[in-house]
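Reading through the structure tokens given below for one structure.
Letters are used for the chains, namely A, B, C and D, taken in the order the chains are written, and counting of residues starts over at 1 for each.
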Amino acid sequence: MTEAVQTRQTLESATIRFAGDSGDGMQLTGTQFTNTSATLGNDISTFPDFPAEIRAPAGTVPGVSGFQIRFASEDIHTPGDRPDVLVAMNPAALKANIADLIPGGLLIINEDAFTKGNLKKAEYESNPLEGNGLDTFRVVKIALTSQTEQAVAEAGLNKKSAERCKNFYALGLVYYLYDRPLEQSLGWIDKKFGKLPDIQEANKLALKAGYNFADTAEIFSDTYQVPKARLQQGTYRGITGNQALAMGLVAAAKLADKPLMYGSYPITPASDILHELARLRHFGVRTFQAEDEIAAMGATIGAAYGGAFAATGTSGPGICLKSEAMGLAIMTELPMVVVNVQRAGPSTGMPTKTEQSDLLQVMYGRNGDSPLAVIAPATPGECFTMAIEAFRLAVTYMTPVVILSDGYLANGAEPWKIPDLADLPQITVSHDADPATYQPYQRDEKTLARPWVVPGQAGLEHRIGGLEKDNIKGNVSYDPDNHQLMTNLRAQKIAGIADDVPALEVIGNPDADTLVLSWGGTYGSILTAVNQFNSDHGPIAAAHFRYLNPFPANTAEVLAKYKRILVCELNNGQLDVLVRSRFARETSSFLKVKGKPFQVSELITFFQENQA
Amino acid sequence: MTEAVQTRQTLESATIRFAGDSGDGMQLTGTQFTNTSATLGNDISTFPDFPAEIRAPAGTVPGVSGFQIRFASEDIHTPGDRPDVLVAMNPAALKANIADLIPGGLLIINEDAFTKGNLKKAEYESNPLEGNGLDTFRVVKIALTSQTEQAVAEAGLNKKSAERCKNFYALGLVYYLYDRPLEQSLGWIDKKFGKLPDIQEANKLALKAGYNFADTAEIFSDTYQVPKARLQQGTYRGITGNQALAMGLVAAAKLADKPLMYGSYPITPASDILHELARLRHFGVRTFQAEDEIAAMGATIGAAYGGAFAATGTSGPGICLKSEAMGLAIMTELPMVVVNVQRAGPSTGMPTKTEQSDLLQVMYGRNGDSPLAVIAPATPGECFTMAIEAFRLAVTYMTPVVILSDGYLANGAEPWKIPDLADLPQITVSHDADPATYQPYQRDEKTLARPWVVPGQAGLEHRIGGLEKDNIKGNVSYDPDNHQLMTNLRAQKIAGIADDVPALEVIGNPDADTLVLSWGGTYGSILTAVNQFNSDHGPIAAAHFRYLNPFPANTAEVLAKYKRILVCELNNGQLDVLVRSRFARETSSFLKVKGKPFQVSELITFFQENQA
Amino acid sequence: MSKGATLTKKDFQSDQIVRWCPGCGDYAILAAIQGTMPKLGIPKEKIVFVSGIGCSSRFPYYMETYGFHTIHGRAPSFAAGLKIANPDLSVWLITGDGDGLSIGGNHLLHALRRNFDINILLFNNRIYGLTKGQYSPTSETGKQTKSSPMGSVEQPVNPIRFALASEASFVARTYDANPKHMAETFEKAAAHKGTSFVEIFQNCVIFNKDAFDDVYDRKVREDQMIHLEEGEPLVAGKETKQGVFLEGLTPVVRTLTEESDPSKLLVHDSKQKSPIYANFLAAMEHPEFPVPVGVFRQIERPCYEEALEAQVKAAQDKSGEGQLEDLFNAGETWSVA
Amino acid sequence: MSKGATLTKKDFQSDQIVRWCPGCGDYAILAAIQGTMPKLGIPKEKIVFVSGIGCSSRFPYYMETYGFHTIHGRAPSFAAGLKIANPDLSVWLITGDGDGLSIGGNHLLHALRRNFDINILLFNNRIYGLTKGQYSPTSETGKQTKSSPMGSVEQPVNPIRFALASEASFVARTYDANPKHMAETFEKAAAHKGTSFVEIFQNCVIFNKDAFDDVYDRKVREDQMIHLEEGEPLVAGKETKQGVFLEGLTPVVRTLTEESDPSKLLVHDSKQKSPIYANFLAAMEHPEFPVPVGVFRQIERPCYEEALEAQVKAAQDKSGEGQLEDLFNAGETWSVA
């Protein structure tokens, strides 16, 4: 580490995308880079993007797997619009990703993979490495496959296994480029492949060889360093939204000293919540893999009725199936959490791609007037706190609560400051009731919640169900006025939550004329764009909804302050429907449904166009 | 028919309610009165109201079955707010209905039924016939049971069967009261009971005895006549919404020369559509009673894919179950009709009661942005035309079309002018496509519809499904821009229907400041109230939506003309959400969820209060 | 509070007016259940009746226990969640032939193979009662109803064979016309550890009147039914006895005479591990065969909720009771000072 | 256009890149189907592949026929509607153990008892492939997967027994490791009038690798399987022959020696009206028994769509083809002049 180090440019942030075939181990490479950078103290944000198939056809564009990571010495909130560096392990990866690389960006290419066969599979008519199509980039072609093979020769693997180490070779190159130490990844290899010493050895050789080649061959004209970020003091770990959500559900149950029951049917991108929770039997977690989403919802209601902290998770099509039983949960006023990790729809849509298009579904997708609470975490880490919040609301108001996550939050990772137990909210639950006075639908004056009495409590036997019940007594009732009353009460109960949740906060420049509204998983891009707009263009304010139903109590007041309201969301205008219908205000929307998060730049452009 | 006839008062309209135990045959009595009055040339409107149970406990209030009929010499649009005459066959019927009888109204009571036992079952503390609780009414107490027994004695029935004729005795009384001839009912009895001569005889005796008793005993101080209405010339029949809907579906298929496939799972109040259609095998109707609503929807899509005119029908909870497959219908852009006969919700709710609370469900109750067309008939008879219209839109735009009927339309009857075949719209369908150029998602420039190619057509083999497809070619596509394009196209296609449907019409006084908005089955009450308000109170305008998605093209223009917008609907504010979100206008709403239609009087009061 | 031992039938009658049609078979079943409950020695508050939708599914309202009237066809899933949350409740699931075998067939299948310790009573009236008389999955082919005026074209499903294929560990059949047989069967079902499945022939007097009279009317009952008794030969018949013999795999019914060799008669054994015998019994359908009633099969098999609890315990034995700090700190962490 | 008779396997290959994992058993099944199609003599345009969701359910994309990739578990209902609309199509339904027996179990049940003339192929890899490896309803008890790290606590369902209880008129089993057996089985399924149900043992190399190797690996296949042949005795075994004998109702496998009386051996007869024999075969499960493959049952029973068409015809014969005027004017009418 001689000269090069001295000339390293210091960057505030950098974005790399690793792209290759599904079999090339790009997700692993990305995760290694992420962990090393996190440990170095950078703030990070990642965006994995993989094909729908388990093993899509090798070498084809649909088979490309990508992992983007942004790391920075400042606070960041998105994985970056476009990469500064693209690592393309084969022609298909190049084809699928080159449009995103910034002009002048660094393109690291595995030359060896640009064979006739691979070019054909990628549907390239001619070899893009020839000709001048890549002239706007700084192209570094490396014979990655063969150099890896040479480097790992001494480990004695067969050709195929040797080749498979090339992702670590590539990682070594990029580690050098950004001045990252190898230790953490070397340690990881030791742990992971301890039982397969030849593979362990080979991967370590590949990683070092890549690093050294970059150093000695001086293949990069510029090299960089990204100092550590001024993160809040504490212990951190990387966390995805799904992991955080699973932990939040467990934590909520623990905080209330209740068992957690999670009923679910596997579906992309929600399955990992089930997987995470299934491993936690020693936390008293009862997972139930149901035969379908209807049964998962039924079991969740059954468990809530039985006194457990009950939750279910799915993605959009699964909500369709749950919807009838969700209506019953509303009618019987039982507490539970329903997680919807949204994906691109309609119908099967694009299961591995992100979208925010189930907001109106969870608001209105049931027969009858059937209000429930809807909340949406803004970042992967917030999935933890919002899971706890969901249970708090559920048991306080005796209502199902929907958490709207999405594919981007679910699989995206960010550093997560491990919370202090003492800082977590307390959740208190009581099943107490006096047999002398107990009535199933006697409501708490403040919350309008009915009592949560569970089978097993003597003297409180009663019957509930989906037929309209008379308020207080809970007997089946067809009385016209009672139905009106109950409909109103169900609505008021949910509306009343508004006073029990944090006020809507204005970010950016509160004195601007224009207010940007957004919700859920787009927070990072919105915040970044709003901040950037305020520094580069002019004043703009923003408010990001984490509470969708009800809206925070001050929402009308906030909106009233602004002349212009812009709504940004990853769907065809759903928050917009809620905002307009609630506040009867004209709005302008930036709507994107491409299976991808917002780019900061496109938001800025939209702000500019609407800053009349 | 001597004196009495001479002193008959002539009325423009009258409203009678027959109420008794479920076993008392009140629905039959009501229907007989309806048919006779219709044949006499009155305009009529009916409202049957019966318990959820097949045979609710005899004598109890939940077991009361009622049938209200309004008949008139003028055009009428509702079965009347409150009856002028109430026939109460037992204490429970009295209890359940007396609050509705107009002050000074005529109350005909079966004295015999006011036994201790029955009073107890009806939860009366003391006998209401004693004391002065009924003083505001004109009470006519008759020993209906015993008089019937005597009257039918010669037919030789046992006591129980003899008693069961008392509904015809009551009908006879009321026929006399309103000067209706007995012939039609006598004929009906002959037809119905031809095979049971003793019962046939007894019922005829009872009917005549009731009539004669009223005549000779002069039990009514006033008697009436209601001249015929100035109805449009033609042949009429009585029709319920469900009957009309079934006929409309059949007619649509016939008009297009296609077989009708109707896949359904029984559910109140939609089952009768299945029953009607099951009888029509000779029309080529294929009904399929599926194992559940999911399968019914799947089969409907399968049949549409196979080239049939395919429809399914259900009520709200069934829509929950259909919703996932409805998303697939949208994604595959196949033509079909989905009927939702709404009932009071949420959840199981009050299955036999009417409500309009599934509007937002059918609009938004699916994952992803998944627009489809939604229409709603305004009267029972219109269910016929709207069923045809639904199929016209479905095949023209290659989209599922939802028909929102409701329990009130479904079971309510009105005179229906039998249409001339020549006046029905022509529906043309083509499956033609040229194998040389055919592409599954090549769209018609105007309608944006894709071609309706069906299996069996040679050279056009292709594959469809729920994964996003690329526009034109129809291959599975994860391309970001294609998903955006397809999402937009799906939305535009539905939005484009606006230009192909009748403009929104303004009724009442178009020059008023206030516009009343309503939709679907409330038309009759709204129209009546608006007319009455214009004559008695002041100018008011109204516009009634039959097309909910999209709204007719001129809707914005209509709304823009009015200072004040009032929305009236039988739910907790659903059209309101659509109107406000689309037009960003403040509104005031009259929302009723009591399982019953609007009363004209309550609408008038609401108009008055909001006519500031 | 309530002590199971001292309860009476009356204690299990709720204050709700029973709303079935006069003469409906559901009344007799309700009475039999209310009569059975005190014998189980379970306190009222530990008993939950869960149902779907249908006439039969109104059942929970009439029981003075905990009750949950859920949605159509899905009762097994609610029962599953309830048992997971609270394994020591006595859970009774009430369903109908439509609720349990039409819309709810899949949940029934999975509940049975999972073997929750619950009791499932399927009221089979071979019709949809609540929706006013459409044919159901157990209606006979050719059945004319409102939705099949020219006759149903569907082959009915045999609930017992379905339950057996679903790996049910307890399978029985009883009928509303025999309170004593019902009571005995319900007691056996309650005693079984695991899912008990009981088909009940039930008379819908309004829409499928006397559908089972050919089988269970007092006049024909003894000839048309085989009352299965553990260890007893398979014999029907009041005057002349009819015995069931095996020819290869085929059941053959022969009149027993002085000469018949009783040792050749099939003897009832509901505890066979293999489902073959129970399937054989179930294939005996009316009118070709007298109809077996009683317990077809009862085998021991682990219950779902017990196996689940065992995993929780094993995990806690191995890793200690989970602590949130450990969970939060799992995986790679780093510190920012 | 295309004539069935002159088509080749290639004609049935669509232009879509096949996207299963290298080594997945689905490839062999696809090849076997594409190879079978030309033999059926049905023009391409008359053939429709309908599927649910799962790795296996991608199948239709790869067939150069009509194809409908529907939603999870519901394919039977789409096929039902399609057959009702268009009875003369050759409809093939592709499903998986999750698609067909977990979420879709109920539709499968009802499709089978209704007996539409369709062919249902259930790819049983005893795992959820597409969602990356959770246990399925056919996974063995104790199976460790992502969603069952301590082992599944569920009793698996046997697809053949399920199909039999669902009154399937044609029930068979084949396996991806034997192209010839697959082809023969598919041809028989196609030839059967009514719903043909075929379970296919399928290897998921990624999430449940070699799950069937104990049964169908070339080395053990002949000992561990009984290839059912009509009229042939039930015998397994390469070197030493193992025969299936009946003891009462119990199958007993005995080594055949010189002394064995071959007339005592059970002889395969798939056409028995009673389901008892087929159930008996289906109860022979690995590892206690060699696994039967081939056709378990094939009986004649009316098809739903034919019975429906017959009703349409009968109604038209009786009342004439329905005229709208008559429909409108039915019931009581009156005239206003």
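Definition applied: contacts are C-beta pairs under 8 Å (C-beta built on N, C-alpha and C of every residue); 3 or more make two chains touch, one makes a residue touch a chain.
Quick caveat, the model's predicted, so the values are computed rather than measured.
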From the centre of chain D, which other chain's Cα mean sits the farthest off? B
Using the touch rule from the top, work out which pair, B-D or B-C, shares more C-beta pairs. B-D
How far is the middle of chain B from the middle of chain D, if each middle is the mean of its Cα atoms, in Å? 44
Based only on mean CA positions, could you tell me how far chain A sits from chain B in angstrom? 46
Using mean CA coordinates as chain centres, what's the chain A-chain D distance in Å? 40
Note: chain B residues in touch with at least two other chains are 62, 281, 291-292, 317, 324, 327-328, 332, 347-348, 465-467
In chain C, residues with contacts to at least two other chains: 53, 71, 102-103, 105-106, 109-110, 137, 150, 308, 311, 314-315
Where on chain A is chain C touching in the complex? 35, 38-39, 41, 184, 228, 231-238, 247, 250-251, 254, 259, 261, 263, 280-286, 288, 290-292, 294-308, 310, 324-325, 327-328, 332, 418-419, 421, 435, 454-467, 475-476
Partner chain A, residues of chain B touching it in the complex: 51-52, 62, 315-317, 319-321, 323-324, 327-328, 330-332, 342, 344-350, 352-353, 355, 357-358, 360-361, 363-370, 465-468, 478, 480-481, 483-484, 487-488, 490-491, 571-572, 574, 576-578, 580-582, 584-587, 592-596
In the complex, chain A residues that touch chain D: 53-58, 60, 62-63, 265-268, 271, 274-275, 278-279, 281, 287, 289, 291-293, 317, 347-348
Residue ranges of chain C in contact with chain A within the complex: 1-2, 14, 16, 43-48, 50, 53, 60-61, 63-71, 74-86, 88-89, 106-107, 109-110, 308, 311-312, 314-316, 318-322, 324-325, 327-337
Within their complex, state which residues of chain D touch chain C. 102-106, 109-110, 113-115, 137, 150-151, 153-158, 161-162, 164-167, 246, 248-251, 274-277, 279-280, 283, 301-302, 304, 307-308, 311, 314-315
